[in-house]
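Both of the next two complexes hold chain A, though its partner changes from chain B to chain C.
Right after this comes the complex of A and B.
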């Protein structure tokens, strides 16, 4: 019934079969973008705004609060990505020596991958808060005299708690993707270079790092994109007075004054555009780079 | 320490290696010597320990016992990068993100040679391996044979004291294998570099080697020159491995042995084999079909193998294999004769079979 000898017809039939699911996935996605887009252009008939304008964007790009949130978000993402990548590479280099215990180490490394970010965020709150477990332990150990002496690591102005959660969650993600390269096909290249006279540092510089770079780069871009657009972690661990960009959008969206709705949508569109750039970087420097090196 | 003239360039003495208990494989004591400009072939089936031995010499594995002396200096305690040797593997392991030239000169770069000198040397060596003008090319533009030649150039440009080859041509087609073999012979002759090659390809081994070491399950079966392993197998397994098709029963008495092919003269080196029942080994190319021969035979079948025809014949109730150069057609059941084209035969005592 669905069979045809002609390749174009077979492709058409296959495309036709994919249409319902595509409509659902792409339809809802693009509908969301479209609604956000028009609302960000000040079109909101419910409150009588029926003309399109860039007024909200102009106001947004002149707003100090917007820039503070944007740079705060970018700073958190950059710090979380850089620290995660660094720890992941060190961890992967250390773990690959223990190939014989591979199964156990892999389990230990990956056990937090299925844990939702919000669970991690709550755990960080309970651990590192001023009334958290570590604070209490240091109090019992006599290192601090009262909970307020424990450094502010969560809901702080610098986003330390948020970065801590991202690092906890993303280190295994990056390490797993790097480890798979390090454990298998980079080894004979390292041996070959060693036989040509390369010491440990030269092998790292000329073989190990260039070979792991594509997977390190692609997983780091994914981590950066996720942490930049993530809502729940800064919601639990962030400071109300210094919101990240998604929190700023959420605050505007929840404002009882509906004129702020367009501002929320404009922030969403900015986040979407930055995320789209990250997708392009991923395609070009992540996947594309890896393909070129294979 | 000064090298005495009488000492061979490479001396491997009682080298052993035991893998982790889980693997259970161990390489028994191995000893050999190698002179400059000679190629030692380590032959053996898969799992015989030939690659392990090569990795021990390279320094990629540390021996449990034994020593390696190269150019008068012990090297078994040194890491691979300090042994001044080079190794070519089955795969080329060229760095895909570098050009042909950058790959060739990487060993010189590691030694800190200035870039203009590196380029001159690399272009010279590329010229010698038949890749003139390839310096700037990307690796993706090379064929399999060209990649292997780049790997060879990369290994030679650092002027190693010893070149190790771990089944380097096994992934190439037969024509390219022959071509690469001829490159290796030329380089050995021109550069006088001692080489050790691991292979399970008998034909390739016999074509290139000057010395041979045959391994099985981590133990040496035989070592020696081409004549030794071709004419004088140490035991039945080696005879089979070296492709000797005919192993016949015989009764030895002094310098003669009686077999169903008649009364034959024993090889001078076999005189010490005790008299009595023995096995004689006969290469199939030493038997020829001859209608005028007094040894009568009946054809049991024949098959063409590309360059020769393998004929099975029955002589006095026993089967023998005969190789005839070129394409021949013999009908099954045809009556003919067999002639032995060698003046003496190699025999083995029955207990080592």
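Right after this comes the complex of A and C.
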């Protein structure tokens, strides 16, 4: 019934089947971006603003707080991605030696994938807060006499708590994608190289690393893009005086004075544009890699 | 080549989707309005009949377990059993979220069947919705139980200086109070105004903080400071004037920046919510918490949120107290049921239960005691006699009660605090 020899007809049928879901996805996604974009240009008929202007963007790009948040967000994402990738690679290299116990090791590695970030964030808070579980244990052991003597690890000025949560959550994610490469088609190449007399370092340099780089890089870009736009983790674990960009947008959005709405939307658009660039980078990179492989 | 074409097809489909999505807006706004008008002009029995079987989506601040529990258990079961209404409480961390939801719907042209039926509201959020013409009403005086409410009292009839005009119905009352631990501090050591608070904090570094505005009590803490430093609340009941505000507000920012190094975590960060502040206090990280509950803090003590020896008190210079309300958005899908809820929560017996820390959460009553008769009067007197050492006496509270600022001052103070205190190095 859905089959036809004519290509255009097949394409049409396929398109027809896609419309309902696209209607939903594209409708909400693009409409959201469109409305944010228009509101960020100061268009807000509800409070009588019907002209477009770049006023908010100009103000934003002159605001020290905006830049501080932008660089803070970038720094957190960069640190979280880098540390996660590093640990994930070490973990994957170490884990693949235990192929025989693969099943339960895999389970251990993946058990936190379905845990929502906000649950992880609250767990970090309860563990590492100044009156958290670890602090209480050190108090009980007589190492500290007051909660304030415990080092500030959450809601701190440097985003340590936020990075901690991201690393906890993203290491398994990167490790799983790297491990799948390491366990499959890298192995024969490595064996071949070993037969030809290459030492461990040469094998790593010539085969293992280049082969896992694409999946490492693509999963890292995903992690970077996600952590950059994430709201709930910095909301729970961040210091209120060091907001990330999504928090800054949320604060502006909640302002009962509706004139701040456009500021929130402008920040969202900035986040969107940066994320878009990452997606383009990801796609370009993936494509280039696919071509090279062929 | 192939790839390019499929990209084009997808883009085309997206465009089609967008156009179809755009066409679906704008339905009959008048129809929804007419139904609402019929509700306002009809009898109460008609409203009850219409409400039967409806589900009310009540959007409210969800930061207190005691409040959530009382609403779900008490109101929820009465509504179900007596009126056939299902109560669906939607918790918020900030009432502004519900306000934004209504405004977004209004902007999108969704003029009926909106998702919000009832909002727990007051102050600047009410002002925002009322000015955007996004409220249903006037319904407050239509409610049978409105006979217990004294709307001619400006403290009730005006909300942050703005006439409520029946667009919100009162639920209860609250007043800011400080909470200390009688185990850690003697009453004689307590600061009784902001000046003393500052020197107390400087003598006890790291032992005081306040929840960050725009959290409600945090804003209120700053407003009271504004009153004290600018010479009293009397001169601020008039409309907002930027220059006059700025001249006095500078003193507030100076005070808060000067005290900052002595605060918890040296003022690098603040608790985000009143619940976080209470947790810090309960964990012995700071020595003061705040409460808004006129009936006292026994509920929170019972739940282990505050230590057993915690006691509330007020500054000699006074603290801000006011009424809080419920409002119905203009596009609410279940206006009749929302009105039934607004009426039910004014029922004197339920008002007293809510005010009783053992049964409710110690919220102040919204009704006027002088309008009560017979059994209700007796219940009220019993309630009054109950308040022990975990509550400030009613007459002391009343004597120290200050009105809140007109709504326009709230965003000004919140923005000022953010830019000149929080982000100030």
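We adopt the following convention: the second predicted complex is superposed on the first by the 283 of 294 C-alpha atoms of A that agree within 3 Å, B and C clash if a C-alpha of one lies under 4 Å from a C-alpha of the other, contacts with A are read in each partner's own complex, and residues count from 1 in each chain.
Convention: a residue touches a chain if its C-beta (ideal position, glycine included) is under 8 Å from a C-beta of that chain, and two chains touch if they have at least 3 such contacts.
In this text the structure is predicted, and so the values were computed from the model without any measurement.
Student: Between chain B and chain C, positioned on chain A by superposition, is the outcome a clash or a fit?
Tutor: fit
Student: Looking at A:257, would you say it contacts chain B, chain C, both, or neither? Reply first, second, both or neither.
Tutor: After superposing on A, A:257 lies in contact with chain C but is clear of chain B.
Student: A:188 in the overlay: touching chain B, chain C, both, or neither? Say first, second, both or neither.
Tutor: Touch status of A:188: first partner only.
Student: Could you say whether A:47 touches chain B, chain C, both of them, or neither, answering first, second, both or neither?
Tutor: Second partner only, chain C.
Student: Between chain B (first) and chain C (second), which does A:207 come into contact with in this model arrangement: first, second, both, or neither?
Tutor: A:207: touches chain B, not chain C.
Student: Using the touch definition from the top, say if A:198 reaches chain B (first), chain C (second), both or neither.
Tutor: First partner only, chain B.
Student: Determine, under the contact definition given at the top, whether A:8 touches first (chain B), second (chain C), both, or neither.
Tutor: Neither partner.
Student: Please determine whether it is chain B or chain C that touches the greater number of chain A residues.
Tutor: C
Student: With the superposition applied, I'd like the minimum CA-CA separation between chain B and chain C in Å.
Tutor: 21
Student: If you lay the two complexes on top of each other, which residues of chain A touch chain B in one and chain C in the other?
Tutor: Of chain A, no residue contacts chain B in one complex and chain C in the other.
Student: Sort out for me which residues of chain B touch chain A in the complex.
Tutor: Touching chain A: residues 20, 58, 60, 79-81, 84-87, 89, 91, 93, 95-97, 106-107, 110-111, 154-155, 158 of chain B.
Student: Looking at the complex, which residues from chain A come into contact with chain B?
Tutor: Residue positions touching the partner: 100, 188-189, 191-199, 202, 206-207, 210, 292-294.
Student: Per the contact definition, I'd like the list of chain A residues that touch chain C in the complex.
Tutor: For chain A paired with chain C, touching residues are 11, 15, 18-19, 22-24, 26-28, 30-31, 45-47, 65, 130-131, 147-148, 152, 155-157, 239-242, 251, 253-258.
Student: Across the complex, what residues on chain C touch chain A?
Tutor: For this pair, the touching residues of chain C are 9-10, 13-14, 16-18, 20-22, 94, 96-97, 99-100, 103, 106-107, 124-125, 127-128, 132, 206, 212, 214, 264-265, 268-270, 272, 279-280, 283-285, 407, 410-411, 414-415, 418-419, 422-423.
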